Amino acid sequence: MKRIDNFKSIIDRYEIVFFDAFGVLKTYKGLLPGIEKTFEYLEQQGKEYYIVTNDASRSPLQLAQSYHKYGLNIIDPERIVSSGMLTKEYLDLKVNGGIVAYLGTPESAHYIDAEGRQTLPVSEVNSTNIDKVNALVFMDDEGFDWFEDINKTVNLLRKRTIPAIVANTDYAYPLSKNDISIAVGSIANMVESIVGKEFIRFGKPDSQMFMFAYDLIRERRPINKKNIVMVGDTLFTDIIGGNKFGLDTVLVLSGNTLPGDAESSIHATGIVPTYICENAVVETDGFGF
Amino acid sequence: MKRIDNFKSIIDRYEIVFFDAFGVLKTYKGLLPGIEKTFEYLEQQGKEYYIVTNDASRSPLQLAQSYHKYGLNIIDPERIVSSGMLTKEYLDLKVNGGIVAYLGTPESAHYIDAEGRQTLPVSEVNSTNIDKVNALVFMDDEGFDWFEDINKTVNLLRKRTIPAIVANTDYAYPLSKNDISIAVGSIANMVESIVGKEFIRFGKPDSQMFMFAYDLIRERRPINKKNIVMVGDTLFTDIIGGNKFGLDTVLVLSGNTLPGDAESSIHATGIVPTYICENAVVETDGFGF
Amino acid sequence: MKRIDNFKSIIDRYEIVFFDAFGVLKTYKGLLPGIEKTFEYLEQQGKEYYIVTNDASRSPLQLAQSYHKYGLNIIDPERIVSSGMLTKEYLDLKVNGGIVAYLGTPESAHYIDAEGRQTLPVSEVNSTNIDKVNALVFMDDEGFDWFEDINKTVNLLRKRTIPAIVANTDYAYPLSKNDISIAVGSIANMVESIVGKEFIRFGKPDSQMFMFAYDLIRERRPINKKNIVMVGDTLFTDIIGGNKFGLDTVLVLSGNTLPGDAESSIHATGIVPTYICENAVVETDGFGF
Amino acid sequence: MKRIDNFKSIIDRYEIVFFDAFGVLKTYKGLLPGIEKTFEYLEQQGKEYYIVTNDASRSPLQLAQSYHKYGLNIIDPERIVSSGMLTKEYLDLKVNGGIVAYLGTPESAHYIDAEGRQTLPVSEVNSTNIDKVNALVFMDDEGFDWFEDINKTVNLLRKRTIPAIVANTDYAYPLSKNDISIAVGSIANMVESIVGKEFIRFGKPDSQMFMFAYDLIRERRPINKKNIVMVGDTLFTDIIGGNKFGLDTVLVLSGNTLPGDAESSIHATGIVPTYICENAVVETDGFGF
């Protein structure tokens, strides 16, 4: 574990950089100030990047547009890998027909639509269509009535022996400086412990997230894991997940891990990043480039 | 473990009978048919009973009235021990003043009211009163907006270092023949895992429930645990809790444990009742009494 | 939560003091220096004490003798409440005959012996006596071959549908300044997750420990929980257990909770002691008494 | 979920078959009778196979030799993917120098040896070399003194902030008709809960196992996940892992899942295989080939 002052030197050491989104590129207030310089430097140096994010609320295109809206026009939807994409791949491979019931917004469900397979909010499952429901997906914490629809989900899973997929494993996400919001991963955990079944989860720290990005790279060119670095703000998802996949990792202190807590958290958890860096902003000194 | 045909012979062996409520005395359809004969026989034989129930939705008086409504007028509120009563005792001993915030109905909160201590629904906690909140209680799964108020509870517990009390540890309860409803115990588990704090739980299988009833008896007369039997429909609460407290136990098959599953569930869990009996109804043969 | 400088003022506020043993009265090095003054003051003031300890390795008499050996002759075996005593009470009430198999030293087993009931080390269970084994008890982490006998315990519990009792729920205990030793509670957790059964556990934070001491007091005189204080070094056992039972609690910083960590641990866990005090030693000033 | 009578028809539907080892190809008694016909048919039909196994006790070469010993000479070490191989890959990528301490046999450790990196049994870690220990690996449940070395492992992980790797996540394995043996995965879980750190685990159901085999295939030729089927005897590892990776799956009833329990286990867990088949033996009828 080594402290690095300028994120620039991280980019200089690797060919490809994987970024977590929340807490690294943006916060509840919007883009991380100065982060555009990082992407300029990546482009200038001919380095590739991927954004590897636990997010199933929107499609990669919509996720990219959320960066464009803030002025970071450089972000390419093809460089975004989300847990929602893994959910879509799972459904495409494993659920050929019938209905996929979901908890989430219509926007989140639209993305997992496919020919020959219908997506339906849990609220619209009823006695006439329940026998056609072939999967249940936890997409987003919004877009439904918690009391009505979480209870209905419990009973749906007691009646139908179908896979339940958690498209975002996060427990909670920051809403403002002082408040967090419960994420769909926590809701899924509650339902799982009530129905006593085994759910399928997509999202960091699971290695399938990293593999998906890794595969996108290899379709275009050969790469060695030693030349990829994962940048994240959370020891329990980004760092241990990146480490386990065999990547070098950078813990940044602009999100979940506070500067004063980094050392003690690393010691307490045994999750050791390769580097610690204040944030992922490339500081330019007027000389460097 | 011994199969017993007529619950009458259980009563004949003990001085005091502890009953679970749901699945033993009543179901989602109302009173268990014939259960009034059991209470008649108890009275006739001069045997005492206690109803030991995970319920914080109402006061013992209101719980007794719910039996009277169905015609079982014999039930005395003083013979009901609920997890809500333990919650009230805890608050009386440990929270002397300020505000007790709660998730539940006004009815459930009314019972834990006390002089010098204010109960307030979580929805009404705000920046002007949050500093006076000295405890948070999970009372009932109804009476609040799940999305708004569960999220608010998470943030309240992140801001205030106060005890969080779970007044009913049940995960779910039966709503109809085919459907169950999520109980406040599951909501509390979800919140606990998000905030990472340690909650205080009242309810079977915890021995404090049995001790409360045991103490009520001893205030009036000496008793040996060998002369008390616990009757319940659930291995994980009634039976293991009764066993651990040192009581003999009867598993009845009129609720959570289906007749065809009893043997395999006992073997799988290692939770062994002293007796198994179809239900807690005393079958009268025209001769017996 | 209030900081207290001299433990003397704690004693002055209550009629009865419950002490945890390890980290409060003694450490791996022996008696806590000065602790004898606390017991002298208790005696002088006519206050009662109980030692409430997760320990099943020895009988209360032997535990008292271990204090006498260090010169603290005042300790009365009748004032010691151990998780081993609850185990013994459970067996006396629930296991009438046959064999109780155990993991632990012969010394630990001797205490749970009873007429008509045989205790047998797991190593001596074989095809000729396995059908008579009616309970399995995890007594101590020493006195057996871990590889042979833990594996044998797993298979015994797969073959026999019997209660498994954990006589000490602690995970680990301090061995020296830098080292800890795995306690039998951790071994029991491992076995439980392999066999998938539900074990019965005795020991703090479970309220049955406090109830046992409380009952000993009430046999001799009336007492109100408000007049008892629990003193411990561990938030997760002594403090939350005492709180839940309705007692005031004192966190001392001479054991598991380091002085620099107390505030942050209390905030992180939400387990709030009534008082914090450096240690349980009564500082005498030459005037006080 | 569809019942299949003859495993032959499974092979006919796919290009590549992944097999679990224990409970599918072999049992505690040796090779599954008739399994050689399956490999003959695979070869005859020009289908590929991989053996995907949670095993870190030996190298792929030694694992292959264990099949040869039983007369199944067809098994190629290059077709074996073990959790030990993922451990080796992790160490090669992430632990460049120093000492890797391990629990296991010398045989298991030999395989993870590498130039510039020393493997050392935990028993040989001492004050002169502890500062050079850069990783701890749980390899096997044999080859060490449980009491001495598991305790030593706990203290090593409390003193050194290093990754702890679990090379086989299985809880237990069958030893004979009636007995099982605790596997190193259970020991690792116990140590993890004592030290409170986050371990890195390799083995099914984790998708990294499947990915490793999938990558081996793609190095030689293009393949679609739809053309691979995973065959296993365990819902919680083989089937849910294969499903999550996007493969079709076959539950065979020659190992952990008993014929009479399959339907109820599938319903209880919600883990649904694509097919159920008595075993993985190709039944030849004298005509087929």
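To keep things simple, chains are lettered A, B, C and D as they appear, and every chain counts its residues starting from 1.
Note that in this section contacts are C-beta pairs under 8 Å (C-beta built on N, C-alpha and C of every residue); 3 or more make two chains touch, one makes a residue touch a chain.
To keep track of the chains, here are their UniProt names: A, B, C, D = HAD-IIA family hydrolase.
Since the model is a prediction, treat every value here as computed from it, not as a measurement.
**Student:** Over half of the residue-numbered contact pairs in common: that is the test. Which of C-D, A-D or A-B passes it against B-C?
**Tutor:** Comparing residue numbers across C-D, A-D or A-B, the repeat of B-C turns out to be A-D.
**Student:** Between subunit B (HAD-IIA family hydrolase) and subunit D (HAD-IIA family hydrolase), what is the gap in Å from one C-alpha centre to the other?
**Tutor:** The answer is 45 Å.
**Student:** Need the CA-centroid distance for the pair subunit A (HAD-IIA family hydrolase) / subunit B (HAD-IIA family hydrolase), whole Å please.
**Tutor:** 41
**Student:** Which whole number of Å gives the spacing of the CA centres of subunit A (HAD-IIA family hydrolase) and subunit D (HAD-IIA family hydrolase)?
**Tutor:** The separation of the two C-alpha centroids amounts to 28 Å.
**Student:** When you check subunit C (HAD-IIA family hydrolase) against every other chain, which residues touch at least two of them?
**Tutor:** Correct list: empty.
**Student:** Which word fits how the chains touch one another: line, ring, star, complete or other?
**Tutor:** Contact pattern: a closed ring, each chain touching exactly two others.
**Student:** Between which chains does touch occur?
**Tutor:** Result of the pairwise touch check is A-B, A-D, B-C, C-D.
**Student:** Name, in rising order, each residue of subunit D (HAD-IIA family hydrolase) that touches subunit C (HAD-IIA family hydrolase) in their complex.
**Tutor:** It comes out as residues 145-147, 150-151, 154-155, 158-159, 171-172, 178-182, 186-187, 189-190, 193-194.
**Student:** So in the complex, which bits of subunit D (HAD-IIA family hydrolase) are touching subunit A (HAD-IIA family hydrolase)?
**Tutor:** Listed in rising order, the residues of subunit D (HAD-IIA family hydrolase) that touch subunit A (HAD-IIA family hydrolase) are 89-90, 93-94, 157, 161-164, 195-200, 206-208, 211, 225-226, 235-236, 240, 243-247, 266-272.
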